[in-house]
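Every chain is named by a letter (A, B, C and D) in the order it is written, and numbering of its residues begins at 1.
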Amino acid sequence: MKRLFGWLIGLLLAGQGLAQTYILAQMDAGDPNPFAPLRQAGPHWVVTSFVYDTLLWRDAQKPIPWLAESWRWNADKTELRLSLRKGVRWHDGKPFTAEDVRFTFELLKARPELSNQANLVKDYVERVETPDPYAVVFRFRRPVPDFLEQVLGWEKVVPAHIWGKVDNPLGYQGPDRYVGTGPFQVREYRRGEYYLFEANPDYFAGQPRVTQLVLREVANPVLALRQGEVDAASLPPRLAKEFSGQTGFLLTPPQPSYFYTKFTFNTARTPTNRREFRQALAYGINRERLIQQVLQGDGIVASPGGLHPESPWFVKGLPSYAYNPERALALLARLGYRRQGARLLDPQGRETFLSLLCRGQDNARGCALVKEDLEGLGLRVELKVLETAPMEEVLSKGEFLLAYYAHGGTFNFFQNPDFPASVYKNPRYNELYRVFIEAKIPGDRLRAAGEIQGLLTEELPALPLYHPLVQAVYRDKAGIRLFWTRGGLAGRGGPPSFYNKLAFIEPKGEVYRR
Amino acid sequence: MKIAILALLAPSLGLLALSFFLPYPRASFPAYLPPGPGHPLGTDDAGYDVLSLLAYGARTTLGVGFLAGSLATFLGAGIGGSAGLWSRLEAPLMRLTDLFFAFPRLPLLILMSLYLRPDPLNAVLVLALFGWPDTARTLRPLVAGLRQAGYVRVARSLGAGGVYLLTQHVLPQAWPLVATQWILEVRFALMAGAGLAFLGLTDPTQPDWGVMLFQAFNRTETFLGPYWIWTVLPPALALASLVLGLSLAVLGRPRQLDPRLGG
Amino acid sequence: MPLLEVQKLSVAFPKPGGYEEVLREVSFCLEAGETLALIGESGGGKSVLIEALLRLLPRESRVSGRAFFQFQGRDLLAMPLREHRSLLGQKIAWIPQAATEALHPLLPVGFQLAEPLLVRGIPRREAYARLVGLFRALDLPEEALHRYPHQLSGGMRQRALVAGALATGATLVLADEPTKGVDVLRKDQTIALFQKSRVLNPGMGLLLVTHDLPFAQALAQKVVVLYAGKVVEEGKAQTFFQGPLHPYAQALLEALPERGFKPLPLGLGREGRGGCPFFPFCPEGSMPCEEGDPPLFQTPKGRVRCWRYGDTGP
Amino acid sequence: MRRVLALLGHSLALALLALALNFFLLRLAPASPFAALERDDLGTVFTAEQRARLEAHYGLDRPLWAQFLAYFGRLFQGRLGESFYFNQPVTQVIVPYLANTAILVGLGFFPALLVGLLLALLSVAFHRTPLEGGLFTTMILLKSLPPYFTAMALLLLLAVLWPLFPTTATSLPGMGFGENLRRLFLPALAYALWEVGTIYLVARGALFSVLGSPFVAYARAKGVPESWVYLRHVLRAALPPLLARITLLLAGSLGGVFFVERVFAYPGLSTLALAAVGRFDYPLLEGVFLVSLGAVLFLNLLADLLLAFLDPRTREAA
């Protein structure tokens, strides 16, 4: 009965956009202030994207001008001139000007620990000038074409008139820390339970569709959706399908997430220091079965090149290491491993023992399956499960042989090879990466990307396993239409999410057309 | 009452025996098969056969439970006994017991998970560490009472050393009570062990009843479909019946020392 | 019609493989205004008799026989429990044995003593007033009412219990070993206490259970001697104390220091072998005593269960 | 008052020892909060400089003994330092979670106490009858079920199969009292079911030990009706040792709450603790340990005080 009633109310109010609340299922990410270096970037970023704005934003497909109306590079890409949007106000009513942008990036330059991407600002930005209240000029020490998306699409602009007075921004607890320009203002944050955001009526990009937006921590999103305890959640397709066809519910098409699970080798230790050994193990792991058993089919096999198929630099046609135990054993034989009955003996005739570390309880299932596959080849595998912090410690110190864990950010490359940098050094990779970052002509970038992916596929410091499929399920209220932001919310391969703030505002005039 | 206890202990022992006939559980079946031919208890979310998981799980759960229980009883009897016998030792040992009682278990549990790799052996150590104070606290007053018992004083006057007294006189007398404590400690270890697993502080790839419950709990499907019937009930009932059996077994046993012992 | 007439009262407790007889067909009468002393070695079942009358024995015990109570001439043992319970604390009062444990450690003394009155609906003020009067009569300090049992001395506690019993205005008072654990010095104080309570409540029937003969002699008008659960002698107090009939009673008297301090023969007699239970210890034991258990013979100086008083006379 | 001082002294010594342990156990663990910086959940890698500046901000760059002094210095001012993960004072982070756990324990423990006591009284009054037999076995059964199983069963039965109660234990803005009660009902019930068994058994034991004492017979002999005998005499005599033991029980029972919070994802202290372990947030962990230690010590002290004050015999001596 309760659900029917809730649905009826939704229908009635949908039209007029009267006082209405929309509840999103969202993990609690701590205080919604702008600076949270240690907090998981994804969830905190999604929560704060409703309260603060960046110079660039992204729609379903591409980056779009946001607080910055337009921008121009100089010839050798060492200077970037931006003209800002006018008439934008902070939540406390003060006007948004170029001084806020200058202050924000000078702050990040001085204190790079405030945000993940701030080290790029420190390394590349020499000075930030404001020729007039609505124009900003970045001067770079070295050309960095990707700066727009990687940094300006990521860093939240903060009000100078508030943070200017704060000597230690990281632990600042003043009530005005929540002032932003975003479509919603922070009304209440109940730790571990919910964020209550209130609409910012004169938001520059459009009128928010609901007066109150609640981001709520829920144990079981499916049950919460059924009972009307939340209005939107992202689910794996197998759980989302019960809502397709139900009146009042809308679903986005299933989407491979930018998170991926991967199997990492310690290239500094025998036997995983041998490239053929790593390739052999890659052939020995049945990734299709992994997806079938762990995700009940809700996943796609990840490319060994380490990039997500949706990434603009994704290269097709790389060798796919499809499950082929015979090929694996052939490779191992070439290295001198002999099969004796059920066991595989190494060149010295000893049994081959491998230790596999697995991060977090939710990966335990996958770990166990990989262990079974490798034992199928005759290897003896000892498996250990560790919590996040101890695991990262072990990885950074290189005290492991094989590791199984998951993280996001597969839309883009990383400064160092996608691997505990402390262990796998590959000068060629770093060279190619520099070329990729500083290439001026798109063609050069694509070629560099292709070479990097080819190198990773051949060298295989880590074998990406799968991308899980996700799908948003949400109530049809206030005309809200969720969509997947290609490339992640913050443009640089940011948090994969269906909660793009554009879906929660009525587009106004030229700023953003759906 | 005896038959009830045996009936309750039977399923666990039966499963333990069964584990020697069933193959080691592998994730080689379709997920969430309902109980039927080939899989009397169906399969779980990752395609493991629930019955073989339960059987092999019995090995770990019972193993850890009985080992930890015995270790805790041994420690408790030793410390409690000596605290009772030598008055000099009484204060420091009992202070130590108080500290263990005072220190909240939850944080200690978590701390252990950081230092110790989560394998069954460490689980035994952790559980024994939590279990022994209870036995120490129960045994000390009784042993102290025994110390005043006539014949113990006589033996002491004949030059019997402390250890001799503890092993020859005190413990044999207190034996029925130590056995009761042993059952209580095993019961605690079983419950707490399954609790450790449920909090994800044990090795999830080692089949174990607590891990089965934890895995089922972690899966949303458990609450959506009828799957909980064969993924949650079997391990829970197996554990509950064993613990219930032990609880009833304790009731019939002596809790206080036999008054004739001059206690 | 006597205040209390006990007929063939028997009590047995379960023991592995059957029942152990503690009281065997005990009969006696207690008149209003009279004090009867029930004498016997401790552990001879005397206290059990009181608990049987109060129906406080554990459920598994087996009680038979009748106890007619003068109040309505009804049988105390047969009436419904609720009705019996309503008599307690009104018509029947109990002065428990170990005064120290009988009082609830955590409740003030006054409240505990007033409880039987409060239960009857007597207002608190009136109940306490009655107690104050009795406390003064038994020279107990008034504020002892508001103190806790552990703050009172042993003697004070006993006097409080007596006051409690008297406060109920009960016609039948059952006192259980009032001198037990009382040192010789205070024994005569206890005697004075009971004499004063007789004065305060002249109409009451007082059943004194004791193994303290001088105490019984000082207070009782009638005496009943129990041995191995049976009444072995019953008679007027004066005649009894000049010369008891039953050999056991004589042995009891002679054991007193002022009467020669002869040691009492050990043991409570042979149950279950038919003959007179006192036979093995009886100085005048003879043939019939070994085979048959003598009945209670009526003699001018009272009833006695001993073959010597058979039809052949003493 | 002498005894109370002794008790306080004892608890204080215990607390100080635990405080020191609390500090070192964490600092020496094989993990550092910044290890997660090797790569955050979006693959970004923090540079060495960023990491160094963060360590400086939290004072982790100083030698261990200096950190230890700072730790104790803060403690005396009642501050618990700043959480690495939340960049906020630890007290500010802990208080809401602690409040939630306190509410859950309050809603669960006290009804369980009342019901447990009542059932114990019933089973003592109806000793050796089927009622007592039935009560006794159900209670033993309740204690043998793992707490998280009862919690899961309740969630399944009363929130999923038969949606009487919400499945989410977290609150919503503007939730009325009734709605709040509804969301707390299942977790509280699950916790109560876990505690009632133990309370019943402890109470039953205590009542039986009192039942045999002479003042009970004396009460009956005063014509006091049976119900009063149990309520006023037996219960009153058993109360001091019983309450003391139950308070100790509460101190040891925080484990039960732990599981209930885990099943309902209830935002309580244990949820915070588990999350803090994953991120290895020293100060927050220290804060959680201190709070739970404080609670346990307080309850132990309360148990001793209850025993002393509720019994007039020991009241003056204390």
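Brief remarks follow.
The definition used in the following text is that a contact is a pair of C-beta atoms (placed from the backbone, for glycine too) under 8 Å apart; a residue touches a chain by one contact, two chains touch by 3 or more.
Note that the structure is a prediction, hence the values are computed from the model and not measured.
Nearest to the overall CA centre, using the mean of each chain's CA atoms, is chain D.
The greatest centre-to-centre gap from chain B, using C-alpha centroids, is found for C.
Look at where the CA atoms of chain A average out and do the same for chain C: the two points lie 92 Å apart. Chain D has its Cα centroid 38 Å from the Cα centroid of chain A.
Distance between chain A and chain B, defined via averaged C-alpha coordinates, is recorded as 44 Å. Centre to centre, using the average C-alpha position, chain B and chain C are separated by 55 Å. Counting partner chains per residue, chain D shows two or more touched chains at residues 29-31, 160, 167, 277, 280. Counting only residues that touch two or more partner chains, chain B has 113-114, 223-224.
Pairs of chains meeting the touch criterion: A-B, A-D, B-D, C-D.
The touching residues of chain D, counted against chain C in their complex, run 128, 213-215, 217-226, 228, 232-233, 236-237, 239-240, 310-313. Residue ranges on chain D touching chain A, taken from their complex, read 29-47, 49-51, 53-54, 57, 82, 84-89, 92-93, 96-97, 100, 159-160, 163, 166-173, 264-265, 267, 271-272, 277-280. Chain A contributes residues 2, 21, 23, 28, 30-31, 33, 35-42, 45, 111-113, 116-119, 122, 168, 170-171, 173, 187-188, 190-194, 196, 212, 214, 216-220, 223-224, 226-227, 229-230, 360, 387-390, 392-393, 395-396, 407-410, 414-416, 418, 420-421, 488, 493-495 to its touches with chain D in the complex.
In the complex of the two chains, the chain D residues touching chain B come out as 10-11, 14, 17-18, 21, 25-26, 29-31, 140-141, 143-149, 152, 155-156, 160, 167, 248, 251-252, 254-255, 258-259, 262-263, 270, 273-274, 277, 280, 285, 288-289, 292-293, 295-297, 300.
Those residues of chain C whose C-beta lies close enough to touch chain D in the complex are 51, 54, 56, 59, 85-90, 93-94, 96-98, 101-107, 112, 115-116, 119-120, 148, 150, 164, 168.
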